[in-house]
């Protein structure tokens, strides 16, 4: 069997000795560090962020108490925020979509082909048609209609379903309902959104129309963690394509769909691989 | 000798027969159309924009009265705004720069290597050091210091110099003084500016600092015609580069300088080749 | 009803008067030229290539005899190779795929969403699983197994099916069987292939493995018209993505799949829009 | 004063404990690790490559004997190839150029602006005009004419000059003479070349002509370490730009010059920052 890869993620005040303490701790337990990346937000006294991938070679039982020991011997002395994220079992993921299904279909296809290391346990949508895509990939589907009057109720239904399924990541795959701050708080796990513009340009509705009106020569898409403030959360990934005066709003949207698909897929994958660390309102992607 | 290439630029209400009337007019005068591009802003009744490059093969004298005849036979009947732009003589260009000289040097080098079909007749700057670059390329230099108190006076000096030199294009090569609407009006020719962000993101001062604070994963630069409203003029060209969390504000600026150089050079070249037509607050680049 | 857009495609020796003759011919029949592009392969006596999109506004019956008249009045005098390609009815397309289905699924999805103006009349594959994708989109499926011994027979079966369906374009969506020159000749319509490298680098088998071994920092994909010489046909479109030392051959292939999908989709769309003209062993994409 | 940053570069067989041993060694000497990156060429028993940037905070004298101690305590036990590269003094660099001076000028400008952490101690060329550029930046210039008959002699002159100046990096900034394997061996330091194609496509002479003839839609440039086999050395960096059928060979070359400049500049900078490690015939750029 393949050895299980674990990821140790650390954020703490920068000072000498962090790498030595951490790597020595792991070495003493027979862990082979297969990958490591670090970043200091400010060389003159910022925060130190690190991601280490390691494989426990020797004693399987060591792994169970490793967390407690790490906190006592390394985490606490260095005032670390840290977590160990095993690559197995895979994260439980729910996808929310609306009428446009290109991102939904793309994520499902990548998942089935083995590109996305996740368990997709739920697709939910305010449009019934998304259920067909879910059915093709044998994923449970929840239809949650939303009107101006039933918005709170719909969020309640979603939160309940996501909690029942123990979802660890929610992906908004062009889900066109604005989720409340309360929803984001209660859902209790990260939420990744794809916005169809090169943020911070063209916040809000109809970004391709905005792009057309401004006459930009390049359009883009942005995957970010959803926060209460619309389109303002930490950016995980962006990409762009060149366009010109011949592109009307529909053609811009078609080009944009290509960008959205790959930007969202990269962001989701990096999150699943525990490569994305928060640095205030920004991200570090290792 | 090489035949002189002329460009015919047309903007008029869209209707049938424009291409036929125009190309027949040119054919009757022995002009060979070597390149042609057109765009209709709205298929259901918008404006028709066209650029034709032609070579007059037969009778040189025809060229002299060609404009009058075109207005009478084609321009007026189709309610055209049109102009004929010969490729020779080359356009007279002035470059305004400030302390950072990468765009200035780049334009001068491209000019000397033959890439920019222009006569660069003046470099002006509020910083004396730009004079060294100008001297190396044997271009006259004008030092125009600017303080809060002398801004109007400095603009007056610039306008006078630009007019004396019959300048047909002003290039703001990271010129860091905001020019007044009055200046833009009085200078009497197009002004191209390079803004060091991917507009409309990060309008105004310190865009690389703004980009760092927002945590974008891609930065860009935008060349546009200067208008009275800051950073809001018609966009001619944009380009981008990928960055990551390791880039501080200085490294972003260094990467940005590469983008600025090529974006500005492309915009200037396209303008010199009469490829850029205005479509309201947007551009069509043929 | 929307007016039918027709495309007039021309290739002839360059000389004065072509645009005038063509556009006058169209204007006299009430055709409004909505788009036009031209290219001269060599200003000093090359070939002239042109694409004009026009809408016949007046008399529907004119359209029927328009071709004969054009040949007599314009085509023959200018020694043109020309054709008129109506946008309706849509071209009949067949897709050939093998085990990897990302390009197949992508084309089917774009087709269903209205992005590809085609009738997809057949999916054929040497792998039975492709039939599931075809079934989901209600497209007839033909399973044509291929072994070293049955290659000629399989090609015969394919040719017969493609002819029966009056296919006008064959798309090789990662079809991993090498088709013979005889097949390409007998199929009687253009064949577009996607090669998973940035041609002419990494011709032949296992290009991602070749890319890994050479240590390139960017990988790409190439859509081209299939010719008898492998991977040497006229290139329609290429695109690339940046990779680094962390990418093994599987991750290269995953990144490559994203490139392949969009490169193939663009090439197919441009072909369907009659934007691709041949210039010897190269293409002009208007 | 700023503390001196040192880089520790390691290549050794992969096994558990390398990071721990190295970082503990550094921690015990009061070194703060400010950046670290590692790569394993093959998780199942490949080579382990690592780059650590550290700042010695405590005792300056420790630095002097640090190398001997590291070899004894860490390097030898782990069978490491390693070196410590201080950021100060800066590396001594020579640039070789020919008639086209865009890369030469670009490197000199970046150096003067502070972007390239180097001492440029010599510019040499087989064309006298390069001397003007060198003079403008106050860099010594050596004119070494080359003919078919004097090639060996010219290489001798170059090697002597490079050795006299204790050059640590030679940059071939579009130097159009093929250097012999003997030269590369005798010069005793790395040599970075810029090739004006997206290698391995278009090896050898006139790559823009080759690109035009093949009809590619994207062109590129490649910076690589020079080896005896032409255009086959380890690739450090590549970049590309989109082109189309309107680009003749001169315009391709102009676009290419932009790519060459930034690709070469990045490769040189990364080398100067000791970010480039060799992995057989490939590079790892940390």
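List of remarks:
Which chain is which? They are A, B, C and D, in the order written, and residues in each are numbered from 1.
By definition in this document, a residue touches a chain if its C-beta (ideal position, glycine included) is under 8 Å from a C-beta of that chain, and two chains touch if they have at least 3 such contacts.
Worth saying up front: this structure is predicted, and the values here are computed from it rather than measured.
The greatest centre-to-centre gap from chain C, using C-alpha centroids, is found for D. Because chain C and chain D share one sequence, their contact can be compared position by position; here over half of the interface residue numbers appear on both sides. Computed from the mean C-alpha positions, the centre of chain C lies at a distance of 42 Å from the centre of chain D. Between chain B and chain C the centroid-to-centroid distance comes to 36 Å (mean Cα coordinates, whole Å). Shown for chain C are the residues that touch two or more other chains, namely 39. By the touch rule above, chain A contacts chain B in their complex via residues 39, 198-202, 214-218, 220, 234-240, 244-246, 279, 281-285. Only residues 14-21, 23-24, 26-28, 30-40, 43, 57, 242 of chain B touch chain C when the two sit together in their complex. On chain D, the positions that touch chain B within their shared complex are 102, 105, 109, 113, 115, 136, 254, 258, 262, 265.
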